[in-house]
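Both of the next two complexes hold subunit A, though its partner changes from subunit B to subunit C.
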Partner chain A sequence: MREKWLPWALIAPTALFALAMTVVPLGYSLLTSLREFPLGRTPTFVGLQNYRVLLHDGNFLGSLGTTLWFAVAATLIEFVLGLSLALLLKDEFSFQGIIRSSLIIPMVIAPVVVGIIWRLLYNADVGLFSFIVQALTGRNLSVLSNPTLALPALILVDVWEWTPFMFLILLAGIQSLPQEPFEAARVDGATPWNVFLHLTLPMLRPVIVVAVLIRGLDAFTVFDQVFVMTQGGPGTSTEVATLMIYKTAFRFSQVGYGAAMAMALLFLVMGFSLAVTRAFRASA
Partner chain B sequence: MPRLPLRARRRFWLVTRVILIILALVITLVPVYWMIATSLKTQVEVFASPPTIWPENPTVQNYVRVFARRHLGRYLFNSVIVVGTSVILSLTIGSLAAYSLARFGKDRLKQKMDFWVLAPRMIPPVALVVPMFLILHKLGLINKHLGLILVYTGFNLPFVAWMMRSFFQEIPVDLEEAAMVDGAGRLRSLRDIVLPLVAPGMVATAIFALIITYNEFFFALILTSTPAAATLPVGTAALIGKTQTLYGEMAAAGVVAAIPLVIFALLVQRHLVRGLTMGAVK
Partner chain C sequence: MDVLKDEILPQFEKETGIGTEWVEADFSGWLQKALNDGQTRAGAFDIYVMDDLWVPRFAGAGYLANLEELGFSVDTDFVPCALDLGYWPPKNGLRQPGIDAKAKPVLFSLPLVSDVQLLFYRNDIYDRPPATWDDIFRMARERSNTAKRQYGWVTRGVKGNPIANSYFVLLHAFGGDIFAENWKVAFNSPQGVEALEFYLRLLEYEPPGVAEFDSDQEGETLLQGNAHAATMWTGWCSQTDDPLRSRVIHKIDFDVPPKQVNRIAKLGLFMAGIAASAPHKPQALEFLTWFSRPDVQIRFARAGGVPYKMAAFKDPVARKNCRWLDAILNALTMGVPSPRTSDWSKVEDILGTELNRALLEKGNARRHLDAAAAEATAFLKSAGYPAA
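Let's turn to the complex of A and B:
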């Protein structure tokens, strides 16, 4: 019977490949986290030693805090701006094709290049952003070398790049909503604000969950722009978790300890996913 | 606030809307313009104060330099090889799985599949990169195109299968069965009947995979570092360290890395939107 094994034969390559790229490395990572493993030398098994050190590692806990702050702020701002844009652009109007296309440009530019763009803008000598800030406040701020401003500056970059993503998904969500409830509300004379609060928002909930989850998960593991723009500095003010783990494993060659940190980040990310799904389910 | 007459209120909202849209466009486009303008300025003009909005003596010397001295052409070539191969591979392998899921899969499979596509996203890339580096190192695939091709294919597969599955499902089974009754085998009916119908969906999926892999930086940074294998994002990032205050060159490299994809994305915008949003909306 050919038909009997055909379905499985077609799926097998994808399933094996996917397992080889997720479950296998994750298991290996878990194993590595239980080892003292200087890159290029023989690892030794140390049990939970790495995790014990981790709990008292102020730098790492600080970096988790930076990551949390970055991810929550960026996702929240992107959601609010993306939703506003989607509401602003949901109806037919002239030039809508070209306007929508222009608005999604930032998200197709490589994050590395986005880092370059904003390095140029923020630069105190040659940057347009700095020039405008100086014209307005009279101060020449080098934003990226200022310990208090560097992280908000990076959040702004993330917002610039990824608000279009929120906008696109929420716009598609809004446009796929059934029309009848809105017509009924219009007949009843509901105000636009009430329609938004009691119709649009609740009906959009499933789309919002997915959009916030996808964007939040990516924000928790942000790396590219930070690597290009600040390398974690000044000091450790923008050292997000992925960057710190990268440095630990590949620059200071403490592979085992880096793997333990990666596991801690995994738990933080899973906690976030659970929190988001719970929050939206509870309000349902 | 006294209530304005309806017509005045409408006009007020219209004007507000137009202003907000223009504002959003300016904030979106000016940074990109600034990079392009900087890439066309001479080193002296880059430092001019106040900055010149429009390059006064536009020059392509920055572009000539990044290609002649900084291996940018080589990085571009590496990117094309790695991205092209992994997109084609994942699309071929993933479509087979998608077809199988769409034709033979039960409904309860869909929920499981949603989970298996979303779950890997929860794993921070950094938790995967350490073991991948160790494994590829053992296989001698660090700084090789093949190493990165395998990794990217693996990452693309779940969502390729997921997206293609819904495209296959849109095709009526009857069409296929009719061809099979007429004596065509399953594989032949797949090739002659199903494949042409599902082609637009494959394009949308390919575009999505292409954008993700072309822009990918983290894995490429760790798994490739020499000009022999490094992709464009890695090459561009390496260049930042070397150019120091040669901002014109930095900008030129950024333009080279970004422009092909931006033009491409604008050309296929409708497919792109479909690809990006279907997961969330469907």
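Let's turn to the complex of A and C:
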């Protein structure tokens, strides 16, 4: 009898902790999304009212689209660049340590600081980008106040900051691959492209899934850079969902509606995770 | 705020023997912490330092203690409009739905820093303070030289609160208002449109990219000598004469923003209220009482703080040390606060988004103000306002 219950008893503390840290807050958020919190009065249960309003809230639906566009584009570019860098720097070479260390510097800078640095770089009057464009064309470039350029500019910042993360994970993955298949391919006269396509990529698939998922999920919750650099503007062109949720819940005190928005974002993120997992499973 | 933290609080501790702990956070982060504390009644803080537009939210929700019940008594030396912002329901103007029209205003908070938007202008460009907005435009047209990065005007254009605050002064100066009777949205009135069209006309004489400017970029443009005038918060005053911060030392003067139809300044005071759940209410009250003493207010003003007592504004040493005090007092007497409703932030965000769009398009003032008015009206209706 004791042997039957011992494993359960051993995992119970961890399971309860995990439950308390994930399921309980999630359940509370769900409950919050079904309520309204009039200032200074008792919260009232409103059923699915917040979700009904959400379905017709063009601003929020637009922000979900912006978030999706941001997350997919940033993750894709970071993956391609990270993989390229990992392939380029996987072998031994001089100053390897210095180069690899310097590559990860952007990742260790606080996102708010990154936002401030890039806001200065993008400044239309004294920023580097504007300076270059003015030198070449004689015209000013207002990156962050241009509705077409603002979102790509934010994506570029994310790519600058988080490509090193992709690079590190993929480099570790590449270096842990068994060498025998590569040696056999070399003996058989396979070209580098064929080796990459038929050996490296398939063998690296589990690492790629993890890297893309971690980075993608993080990109869906981007907040700091947007908050610092554009506040969601110009207009609503960089208004990502997290910014809108934050404003709704904390600035506008619509806590229930903000929670409903958060649940909607959660479903979008889950959809993204499923899509990535299935895409990689299908290509296996 | 630095003067309060670095000079006044140590004096309070020394004089009363009461220890203090100053919790510092960014504006939004602090709002979040304070709201959480108020809602959960956790008692993590004794005094909430609030933007004046938070007072309706905190007082309306019951997060603040009634100061008069705690024993605070008001004297006649307060700058009236600064003190008025501490009452809920408001002493004047519209009352939020659900609040009894006859309910007596209760003092829930006191001013801490009398922040107000002033006109900052270059005294080497302007012979005398600009009396009207037309003077600003004329000088901007005559003296701007964009090739040499000399701009007649600079503004905060980033969406939301910054651009809404910039526009607020012009809207009122041109005879408009945010709301009319019964919370009817009024910023898209002919006066509102005229004010926005004027704001957009000034763009020609402003730095490129003002649509992304917040107060830091606006202030830097002025302090680096690239702009000739701007409306900015009082926190920038002392920096204009600081050689480490400014390239135009003693070249910037201060005044109430100019007149068109009306002459007003936008109030944006920092207020202090005692948390309803404060664990040390008597000590918190003692601080507020001590800080509002005329001699302490004078010390605060002499050290560079912006006081809220007339005695401090009249103190010759303070006026000599801080040459902007007269302008601040004048601005306070003509001050207009943000609408006194806990839902103002949402309306401000709606208005600020459309203003930013108009700024990007450099036109379509009427269309964007109508769009903002329609969205704001729909929101207000859903929130129970009689807006029609």
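One rule holds for everything that comes next: the second predicted complex is superposed on the first by the 258 of 284 C-alpha atoms of A that agree within 3 Å, B and C clash if a C-alpha of one lies under 4 Å from a C-alpha of the other, contacts with A are read in each partner's own complex, and residues count from 1 in each chain.
In the analysis below, a contact is a pair of C-beta atoms (placed from the backbone, for glycine too) under 8 Å apart; a residue touches a chain by one contact, two chains touch by 3 or more.
None of these values were measured; they are calculated from a predicted model.
Three-chain overlay on subunit A, with subunit B and subunit C in a clash.
Using the contact criterion defined above for the overlaid structures, shared-chain residue A:Pro111 touches subunit B, although it does not reach subunit C. When the two structures are aligned on the shared chain, A:Gly233 is found in touch with subunit C, with no touch to subunit B.
Once chain A of one complex is fitted onto chain A of the other, the partner contacts of A:Phe17 are limited to subunit B, with no touch recorded for subunit C. In the overlay built on the shared chain, the residue A:Gly258 is in contact with subunit B alone; subunit C does not reach it.
In the superposed model, A:Leu144 makes contact with subunit C only, not with subunit B. Contacts of A:Leu88 after superposition: subunit B is touched, whereas subunit C is not reached. Once the two complexes are laid over each other on the shared chain, residue contacts for A:Phe250 go to subunit B and to subunit C alike. Set against each other, subunit B and subunit C touch different numbers of residues in subunit A, with B touching more. In the superposed pair of complexes, A:Asn123 makes contact with subunit B and with subunit C alike.
Clashing C-alpha atoms with subunit C after superposition occur in a single stretch of subunit B, namely 131-139 (options considered: 131-139, 149-157, 167-175 or 203-211). In the superposition on chain A, the residues of subunit A contacting both subunit B and subunit C are 119, 123, 125, 227, 246, 250.
Those residues of subunit B lying in contact with subunit A across their complex are 17, 20-21, 24-25, 27-32, 34-35, 38, 46-47, 49-51, 93-94, 96-97, 99-101, 103-105, 116, 118, 120-128, 130-135, 151, 153-155, 157-158, 161, 186, 211, 214-215, 217-218, 221-222, 232-233, 236-237, 240, 245, 247, 250-251, 253-254, 257-258, 261-262, 265-266, 269, 272-273, 276-277, 279-281. The part of subunit A that touches subunit C in the complex is made up of residues 39-40, 119, 122-125, 130, 140, 142-147, 227, 229-236, 246-247, 250-254.
Interface residues of subunit A, counted against subunit B in their complex, comprise 3, 6-8, 10-11, 13-15, 17-18, 20-22, 24-26, 28-29, 32, 85, 88-89, 97, 99-106, 108-113, 115-121, 123, 125-128, 131, 160, 164-165, 168-169, 172-173, 176, 207, 210-211, 213-214, 217, 220-221, 223-224, 227-228, 241-242, 245-246, 249-250, 255, 258-259, 262-263, 265-266, 269-270, 273.
Only residues 28, 31-32, 35, 57, 60-62, 149, 157-160, 162, 207-212, 214, 217, 221, 226, 342-343, 345-346, 349, 353, 356-357, 360 of subunit C touch subunit A when the two sit together in their complex.
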